[in-house]
Amino acid sequence: MDVALHFKVQDLNARYVHAIDEDRLEQWPEFFAEDGRYRITTAENVERGLPLSLMSATSRAMMRDRVNSLRNANVYESQRYRHAVGTPLIEPGSDGVVRAVTNFLVARIMHTGETTLFATGRYEDRIAVAADTPHFLEKTVILDSRQIDTLLAIPL
Amino acid sequence: MDVALHFKVQDLNARYVHAIDEDRLEQWPEFFAEDGRYRITTAENVERGLPLSLMSATSRAMMRDRVNSLRNANVYESQRYRHAVGTPLIEPGSDGVVRAVTNFLVARIMHTGETTLFATGRYEDRIAVAADTPHFLEKTVILDSRQIDTLLAIPL
Amino acid sequence: MDVALHFKVQDLNARYVHAIDEDRLEQWPEFFAEDGRYRITTAENVERGLPLSLMSATSRAMMRDRVNSLRNANVYESQRYRHAVGTPLIEPGSDGVVRAVTNFLVARIMHTGETTLFATGRYEDRIAVAADTPHFLEKTVILDSRQIDTLLAIPL
């Protein structure tokens, strides 16, 4: 069990969720490799082997587009998220890449102040930990609930 | 302060809650000693010194029975849990056993997708940390709320 | 990245929230320096540069007064909190002082058993980590929601 390795992953997770929770969305793509993959799906889709995604990006460029449209279109109601992220379960791999599975709970705070438990689930990540700045090669957000909020707009 | 020791406890906690949250209930008894004890009670019962339990098992065999009846009787509504678990407070003991107290919040996600904050409280655990695989000798789940959901069925 | 340093901060945070969650409020001032500062505000106030506070104390003595009036006046409904606290983001400073930013979610459990997601936000702390017992020089609780519960009485 490698404490330093776990620590690196926890630190990456903490910086990732803080960037989102503090509405620094422009930083969000920077947590990924240039050709990094990001996808939101549901536990039900995963169990049924369905390749459906609620949100999907296969490069930083696509993620930047996503953020730009969020900022410009302004179609989503003013809201912020607050994440609680668990201790990651880590499987060391080869070539400085690890797999990590991490629980999350996300609260959503609307402009009115109304706070709800918005989303729960797990992250399944592939992380380049040997890089100068550890980052995600792939991040799959697997939601527990299949009840999709049509406001789902900000990355999780 | 022993970083490696804390790390072992956090890792055990993370594996424990993932097994439950991912519905791998058959693994649940394996986190305990053969004569391990598991019990769910409320903060009110503890404060009043009442030895009441909402769920109780005094061996792995009893836990396996519990899981079997959950799987077969199928009396509980289809639901899943998602835990957020805090940093454990640890008191080192003798003979490779530690006491740990850990905050938890549990969300429950019903088959319909409805998500609620289901249970909060603390774990009070005695853990064999010197074993090849650290495991619980005793785990007491102390719920903050005395309002008992009659659906309480899955271990917490 | 200093694992031992992060660990110290996480341990301080864990002890801090356990004292509150277990209603050991008399210990709350002891987590601060004698002239420690504590303040609750909202993200909206911070973004607008407004120096408004929902609760404020500039010494341990003021915090003790606060706890005394909570205990004596008994104006708040019987309730308890349960915190989920994230991995801190730490900026080492000079003279054994660090800055830490940490996510939190707090559940409130009323005497009736009713449990709600009460408050979310971040702690912005200055911590004396080189002291024999690490403690807060300053703790700012920044709430995400601007909808203030008038029952806000227990420190967060």
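By written order: A, B and C. Residues from 1 in each chain.
The rule is short, and it goes like this: a contact is a pair of C-beta atoms (placed from the backbone, for glycine too) under 8 Å apart; a residue touches a chain by one contact, two chains touch by 3 or more.
Because the structure is a prediction, the values reported are computed rather than measured.
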item	value
Rotational angle, Cα trace of subunit A fitted to subunit C, multiple of 5°	120
Interface sides of subunit A and subunit B: same vs different residues, half threshold	different
Separation of mean Cα positions, subunit B and subunit A [Å, integer]	27
Junction residues of subunit A - those touching two or more other chains	3, 84, 105, 117
Touch list for subunit A against partner subunit C, complex	3-4, 7-8, 10-11, 13-15, 17-18, 21-22, 80, 82-85, 105, 107, 109, 112-117
Contact footprint of subunit B on subunit A as seen in their complex	1, 3, 6, 43, 84, 86-89, 101, 103, 105, 117, 119-122, 144-147
